[in-house]
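Next up is a structure, given as C-alpha cells.
Letters A, B, C, D and E name the chains as they come in the text, with residue numbers starting at 1 for each one.
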Amino acid sequence: MNETFLTITEVIMMPIVAFIIGLFMVLMMRKLAARIQRRIGPGVFQPLYDIVKLYGKQTQISHGLIHDIGIIMAVGGYVAAVTLLPVPGMNGIADKGGIITLTYLLMVPSLGLALGVGQCANPNGSIGISRALTSMLAYDIPFIIVIFGVATHFSSTSLVSIIAAQQVGGFGTWGISEMPLLALAGLFALHASLGKHPFEIYVAPAEIATGPMVEMGGKFLGGLFVMQSFQLYAASVLYVSLFLGGGENWVTFLLKCFAVLIIPFAIAYLFPRYRTEDLVRLMWKWPVMLALLGIAFVMN
Amino acid sequence: MSIAHSQNLNVLLQEIEGIQLTFHNPRRLRADIAAEALPALLALLRGRASYVHLSAISCVDWIDDNQFELVYHLWSYETSVLISAHIRVPRDPGIYLSVFDIYTPAAFFERDIHEMFGLYFEGSPDMSKFILTEWNGPPPMRKDFDSEKWVMETFSWQQYHPDWLQELEQQGGGIVSTPESIRAGNRPMENKS
Amino acid sequence: MNTLDALLLISLLTALASGLGQGHRLIGWITALLFSLQFVAIMVMGSLGYGGAVVEASISLSIFGHPVSWRFDGLSWFFALITIGAALASSIFAAGSWAEDYRKHGGKPGLLQFAIALNVFTMLLLLASGDLLTLFIGWELASWSSLLLMMVAGGKAKNFALRYIVYATGGAMAVLAGLGIIFQLTGSFAYADLAAIAPSLSTLQIVSLSILFVFGFGIKLGLMPFHLWQADAYAETPGPGAAFLGAISSRMALFAIAVVLVQLIGLVKLINIEIPFTFLSFRDLLLWVAALTIIFTTFTALRQNDARRLLAWHGIGQGGYMLIGILLLDPLGSAGGLMHIFNYATYQAALFLAVSAVIYRTKTADLNQLGGLVTRMPLTFLVMLIGIIGLAGIPPMNGFVSKWLIYRSLIVEGMPLLFIATVIGTLGTILSVYKLIHNTFLGQLRLEHEQIREVPWSMLLPMLVLSTVVFVTGFMPGLVLDWVVAAQAALGIPQVAHHLGGIESAHGSLDMIWISGVLFSGFGIGALLFYSGNKTKHVHQLDNYAGGHFLTADTRYHYTNNFYAGLMHYIGSWYRNSFQWLESSLVSVVSLLSGFTQILFHSFHPALFLLITATLSLYFFAG
Amino acid sequence: MRPENYQAVNHPPSHEFELNFGPNHPGIEGNFALKVKLQGDIVVEARTDAGYLHRGFEKLMEDRLWIQNIALVPRICVPDPVPMEVCYSLAVEDLANIEVPERAQWIRVLQLELSRIAAHLFFFGGHAATTGMYTPMYWGVADRDLLLDLFEELTGGRIYSIYNLPGGVRQDVPEGFLQRVSDTLDYIDGRLKDYDNLFFTNQIFVKRARGVGTINQQQALDWSVTGPNLRACGLEFDVRRDDPYLIYPQLDFDIPTEQAGDALARTLVRRLEMVESIRIIRQVIKALPDIKGPLRTPIPNPLAWRVPAGESYARVESSKGEVAYYVVSNGGEKPYRVHIRGPSAMHAVQVLEKLAVGSRLEDIAQTIFSLDACPPEVDR
Amino acid sequence: MKKSDLDKVKIKQIPAQKRTNPFANVFDEFVGFCRSRSMFMLHYCTGCGAIELPPAMTSRFDMERLGIQPMVSPRQADILLITGYVSIKTLKRVILTYEQMAAPKYVIGICSCTVNGGMYWQSYATAKKLDEYFPVDLYIAGCMPRPEAVIEGLQQLMQKIKANEANSWKQYYKNYDYFLGNQQHLFGNNWQTPTDVIGEAETYQLAGPNTLGEHTKILQSVQTPLKPLEMKL
C-alpha cells in the first residue's frame, strides 16, 4: 500500500518536473537559435508566457469533438510517457513498462495529434500528418534497432535496470562508451524524432503552412506547445538513460539532458529541410547501418 | 552595327504594306502600320529577324479619336534594336486579334489590357479576370472612368480635427487644401502665389 | 451426452436451421440466437480455458478400421471461443437492418447466415479433431465451407473464391501427402502414435513433412508466396462474412500447424536442422517467411484504396506475427502468438464490421470518396478508432500486449533482424490504419453524405461489444493470458508467468493496469488543462485556413489519394520492381497451374480427380 | 459581392484536391496567390491569382504631375525600388530631351547597384526560408539593413528614396559617404564566404534546389524571361550592356551566367551578380570624386511643367529583370499614359504557372522564390 | 443604406473591467501580462510596409526578445499587422483573416495608407479607412515606418494590453452591425464570410445591443447557412 502510494506520488510529480525542465529546454533551443542567427533571443520565461497566453485566449475555435480529443490525447500521452522515464530519486512506473512500452506509448500523442488534425479537414494538416508518420517510419527503424541493442547488451528492457547497470562503473560502463555506434545511431534518431531541421519535413511553413498546426489556435496550439516541451524532455531523458548512464543526481542529470539536446539544436539551424524521400533514404541508410554494426558488436 | 543592320531590316520591313518607320534613336525604331498588317509584321520579325523578345504590349486610350492605340515593343538580342509597332483599333466594339500564337507572353498583356481597357482579343487563351476579379465597375484604365469621383462616392474619410488643429485653422493655418479644392483645379502652391 | 456433444449438436442445428429457413425474415435473428446458445455452451466448457481436463466427444466412428474421435482441449477451446465469438458478432450484425438492406440490393442474407453457421460447424469439427484423420476431414470441410461463404456475394467474388479453392486444393493435396507419409510410417492416424515416433524421424522425413504441412496449412494462412488469393477473396465477401473470415477463418491453419508441427512433430527438431550453405536453421526459414509476410503484405496494404482490401491485406500480415510467436516456442513468444490470435480476431472483426457499417450508409468503400463521417457516425468512428489502435499495436489496446510479448521474446532470443522486421510491420500498420481512419472519418464531409446517420443498434451492438473486448483485454490482459496458458499447456509449451495486468519477469515486465491507468490519468490531466481554457466554439468546415483565401464549397479539400506520397517517391519504385514482379510471376505460375488443374477438374469427376491425385501422391511419397 | 459561394455541390469522384498558396502563406512572396490542384504531391494544375496589391498606379499617374509621379513609382517594386525611379526618370528625360549631368549618372549607378545588392540579399533570405533555413534569412536581412543605412544617409529614406528626379538626382553624396560605402562593401564581401558555407554550397540546399523549376534556353526566350532568370539558362543578356543607359558602357563588369536554368542556377547567378555589383560600385567610388559638375539639369517650374508630346520606352535592368516604362505625353502637365512593364509580370504568372505543373508540392515555394518575383510589379 | 447613417454610429471605448475576487484579479493580471509578453503576429504581407517587418524581425532589431514571433495561419496569431494600403481584394481576405483569428486579437495599422488611404487616396482599388471595416488598436504612421517605429508601436500595444485597455476586438462583436454595414457598402449586400461572428458573440457573451441590426438582417437574408457539423447519433 505504502509502495503504491509512493508510486502515485511519483507519477504525479514526474510530469510536473518534466514540464518545467521541458520549458527550459524549449528556451535553450530558442536561445541557441537566436545566438546562431546573431540575435538576442527570447526572455527566460518566454515559453511559459506563450503557453499561458494561448490557454488564456477568449475565443477558442474548434472543428469538432475529435479536434479537442486529439489535443487531449497528445498532451496526455506525453504526461503518461514521462512517468516511464526514471529520473534521480523517482522511478515512477518505469519498472512496469520498459523501453518497448515507452516507445509505443510515445506514439499515442502522435496518433492523438493525427486524429485532431484530421478532423480539421485541412489538407495542409493532413499532408503534415502523412509526412510526420513517414518520418516516424523513417527514424523509428534505427531507433528500434538501437533499443534492441541496448536491451540485449544489458539483457533487460527495464530502464531502471539499464540505468543501474550503467552506473556501476562510471563513464566506462556508460552505454556510450560500451556501444558508441549505437549511441551515434541513436543520436540521429533522436534528432529526427525532435523534428528539427534538416528533418523538419512536417512543419515546413513554406510548403504546407506549418502542417499539423495550421488550424490550431488558442489552447489547441497551447497544447502543442506543452507537448513540445514534453517531447524535448522525453527524447533527451530517454537518450540519457540509454547511453549516458541516467542521472546519478539531479545536477549531472540535468547537465546531461541539456548537453544531449545541444547537438541537434546546433545542427538544426544550419541546414534546410530534406525532401521526404531524402529523409527516409538518409535514415534508412546511415543510422541503420551504424546501428546494425553496433548490434553486431553487442551480440558478440 | 545597328545602323548597318537597320538597312537589312528596312529591306525586310518593306514587305509589309503601308509601314512607316521612324528612328527615334539608334536603338528605338517606331513602326506605324495598319491593324490588319500587324500579325504579318510580328510573324516576320520573330521568324526572320531575331525579334524573339516581346518586351511589352501597351495600350493607350485616345478617347478624343475614339481609338485604342496598341504598341508592341519587340526586342532583338542580336541587333539591340527595339521596334515599337503601333496600331490603332476603334474603341467600339473594341475587338482585336491575339498574337499569342506568335508571342507566348502576349497572353498576359492581352489579358491585362482586356481587364483594364475592355479591349477584347480574339484567340487569346484566357480572357477571364485576373487582377480585378472583385471589381464590378467599368474597365478602370479607360479615360472616361473617373477614379476620383468613384472614390469620393464610395469612401468616407478620417476626421482630422484635433482641437489644436482647429485653433490653427481659425488663425488661417493648417492644411488649406482639401481633395475638393484640388479637384476644382486650385493647387495649394498656386493658391499661395 | 457431454458438453462437447451439445456444442457440436447446437452448431449442427444452427447450420441446419439457417440452411433450411433461408428465406425466412427472422432467420438472421434465429441464427444469432443459436449462435449465442453455442456461445453459452462454449462458456460452460470454460474450465478448459483454465487448464481443465480434456473433454471427449461421446461419438466416435471407425473409418476403414481407423477409429476417429473428437475431443476438446485448452487449445481447441481457445480457438473455438474466438470462432463462436466472431460468428456471433457477425451474425448479430447481419441479422437486423443490414439484412434488409442487403436483401433490397439483391443479396441473400439467409445464405450468408447459413454459410457462417456451416463454417462454424466445420471449424468446430476441425478444432475438436482427435486424430489426424479427423483433422484432415475437418480441414477439408472448413475449406469448402469458407468457399461457400466467399461465393455468397456472387459476381466478382466468385472468381476470387475460385482462385482460393485452387490454392486450397493444392494445400489439401500437400496435407494429404503429409498424412500419407505419416500413415506409411506409423500405420495409424492417432496423435499419440505420431508423437511416439517423432523423435526417431530422420531429417529428410521431418523436412518433407514440415514442408508439406507448412505449405498445406500456410496457404490458408496466406503465407508469403501463397498470399495473393486472400485479400481479394475476403474483401469481396459481404461485410459480416468478411468480418468472420478475416477474424478467424485463416487462423485454423495456425491451429493445425500448432497441433501437427509444434505438438506432435516437435519444433525443437526444426531448430536443429541447419539449412546447408546458410546460417539459418529450418525454423529460422519459417520465421523469415512469416516476417516477410508481415512486411510485404503490410506495405501492400499501405497502397490500397479500398477499405476492405486494406484490412484484408493487414489480416495476412498479422498472421505472420502469430506464426512467429508460435514458432518462437518460448513461453513469452508463444503466448504472444496465441494471444495475438484472440486479440487480432476481436479488432479485425470490429474493423470489418465498422467498414461494413460505413458501406451500409455510403455504399462505397473507396477511400477516395469518403471523408468527414465522424460527425455523422461517431460510434462507428469510436469502434474503428479502438480497432486501429489495436491493429497498430499501440497501448492501451490489446494488440499492444500480444505484440509486446513477441518483441520481448525476440529480444530475449536474440533475433535482431526478425525484431526489426516485426517493428517495420507495426510501423507500416500505423501508417496505413491512419490512412484508413483519416480518409473515411476525418477530413471533408462530402455533400452526398451530409444526411446520413449512425447505423442502427443491431449493427452497433456487436461492434461496440467487440471494441469493449479490445479495450478490456488490453487493460487486463491477464484475462486472455489465462486461456493462452491453458492452450500452451495443451501444446506442451512452457507456460508464461502472468498476472491480471500482464507479465512479470526479471528483465522487464509489463503491467497494463498501471500503464493504462497512467495513460488515462495523463489524458485526464490533458483534459483538465484543455478544459481550463475558455469553452470552444465549433465552426463549419469551410471556416478553414486556405492561405488566406475563401474556401469554396466546390473545392475538394480532402487529401486522400496517394496519402504517403513522399514515402512513395522512395519506396514506390520498390513496389513496381519487386512486389509487382513477384505478384505477376506468381499470378502467371498460378494461373498456368490452375488452368491446368481446371482442365483436369472439369474433364474428370471431381471426387475421382481428388482420389487420383491423392493416390498418386501417396504412391510418390510412400514408395 | 461575394468572393466565393458556399452553396454545397457534389464533388465528382476525383483523386485531386486543391491547395491555396497565398495570399497569406509563407510559401508565397508577398501578397500573391497560387492555386494548385494536386494529385498526391504532384501538381496537375496551377493558376496564379494576382491583384491583391493592385493600386491602379497607371491610372493614378495619369492624374498626377510629372514630378509627383516620382514619389509614386518606387512603390511598384518594394524590395528593389531604385530602378523604378531611374527608369521613369529616363523615360521622362528622353521625352523632354533633358541631358543628365555626368555626376548624377554616376550617383544613379551607385544607387542602382547598391539597391541590387540589397535586393539580392533579401532574395537569398527569402529563398533560404522556403527550404526551412532561417539563418541565412536572419543574416541576409540584417546585412541588407547596413545598405539601407547607406540609402538613408544618401537620400533620407531607407526604402523609398525619391532621389532620382527627371534631370538628375536630388542632392550630392554626403561627406565621407563613399568611404562608408566602401567599408560596408568590404564587410559584405567578407560575409559572402559565410553565406557560401552556410547556404550556397550547403549540400542539402544544393540537393533540394538542383533540378527544381528548370527552364531551358528556348523556353526562356519564348516566355520572355529576363534578368538573372534568363542568365541562369546560359544566355548572356543584360540590359545594362545590350541597351545601355547611364554610364554603364564606361564601366567594367562581367555578366555572370549559369547553364542549368534551375532554382540552384538562378540562386548562384544572383550570388555572382552581387560580386559584380560590388565591383561596379568600387569603380564608382574611385571615379566619383573626380567627376565634377552639377547634379541636375534644371527643369522649368516642376509644378507646371509641360513635357513635349511624344512617347518613350525606357528600359532598366533591375535585380528581377527588365523594367520598362512606356510613357506617352500629349504635351500636358501630366502623363497621358504610363505603362509599366515589371519583369515579374512574366515570371510570376506565365512562367510560374508553367513551371509549377508537374512539380512537387515541396518545390512550389522554391520555384516561386527562385524566380524572385515581385507581386506588386504584376498588380501595379 | 446611406453612408451618413453609418457615420452616426459612435463607437465607445470599452473600459477595462475588474472582477470582485482579488485572486481572480491577480490571475487576470498575470494572463494579461503573459498576453503582452507573447504576441504572435500573422505572417501576412498586405502591402509595401511589410518590407520593414523582416528587418524588425531579424538579427538587427530582433522582435523575438519582446516575445513577438511570426505565425503562419490566422488561428495561431494574436496581432494582425496591416502593412500598408489594402486593396479591396485584399480587404476581403483581411476581414476573413481577422474573423478567423482567436480573440483577444489586436490590429495594428502600419503606414499612412491604413489611416486615410495615404498617397493612394484617389485610387479606385484601395480601401481608405481601415477602422471602418474592423477595429484597429493602433496606427503607426509613416511611409513607411522604420523598424524602430514598428517596434515602438508594438511596445505601446504591449502597454495597452498589460493595462487591459486593448479591447478593440470586443467592439467588433458588440458593434458588428456597424462594421458589417461598411463591409456591405463596399462589397455589396451578398457579402458573407464563412465565419459565424454572431454565433461567436453569443457563445462568448460578447453580444451587445449593436451586434444585430439592419445590416445583419441583410446578411441573414442572403447568407448560405454554414452551421458547424455537430455530431449526430
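Convention: a residue touches a chain if its C-beta (ideal position, glycine included) is under 8 Å from a C-beta of that chain, and two chains touch if they have at least 3 such contacts.
Please read all numbers here as calculations on a predicted model, not as lab measurements.
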Count of contact steps on the shortest path from chain A to chain E: 1
Labels of chains that are neighbours to chain B and to chain E: D
Identity of the most central chain, Cα criterion: A
Farthest-lying chain, centroid of Cα atoms versus that of chain A: B
Chain pair that, of all pairs, has the most C-beta pairs in contact: A-C
Most widely separated chain from chain E, with each centre as the mean of CA atoms: C
Centroid distance [mean C-alpha coordinates] between chain B and chain A, Å: 60
Centroid spacing, where centroids are CA-atom means, of chain D and chain E in whole angstrom: 32
Intercentroid distance (Cα basis), chain D paired with chain A, Å: 44
Approximate Å spacing (C-alpha centroids) for the pair chain B, chain D: 21
Residues of chain E touching at least two other chains: 43-44, 58-59, 72-75, 89, 92-93, 97, 100, 122-125, 187-188, 194, 200, 203-204, 226, 228-229, 231
Two or more partner chains touched - positions in chain A: 37-39, 56-61, 64-65, 123-124, 127, 205, 209, 214-215, 218, 275-276
Residues of chain C engaged with two or more neighbouring chains: 372, 374-375, 378, 445, 534-535, 537-539, 541-545, 547-551, 557-559, 565-566, 569
Chain-to-chain touches, reported pairwise for every pair that qualifies: A-C, A-D, A-E, B-D, B-E, C-D, C-E, D-E
Contact footprint of chain E on chain A as seen in their complex: 30, 34, 37-43, 45-46, 48-50, 52-54, 56-61, 64-65, 205, 209-210, 213-218, 220-221
Residues on chain D engaged by chain E in the complex (per definition of touch): 1-3, 5-7, 23-26, 30-31, 51-56, 59-60, 63, 71-72, 75, 78-79, 122, 125, 137-139, 141-142, 144-145, 148, 158-160, 376, 379
Residues of chain C that touch chain D when the two form their complex: 366, 368-369, 446-448, 450, 542, 546-562, 565-566, 568-569
Interface residues, chain E side, partner chain D - complex: 42-48, 50-52, 54-55, 57-60, 72-74, 85, 87, 89-90, 92-93, 97, 119-120, 122-126, 143-144, 146, 187-188, 190-192, 194, 223-224, 226
Touching residues (chain side chain C, partner chain A) in the complex: 371-372, 374-375, 378, 381, 385, 389, 392-395, 400, 404, 407-408, 411, 414, 416, 419-420, 423-424, 427-428, 430-431, 434-435, 437-438, 441-445, 501, 506-511, 514-515, 518-527, 529-530, 532-539, 541, 543-545, 547, 557-559, 563-567, 569-571
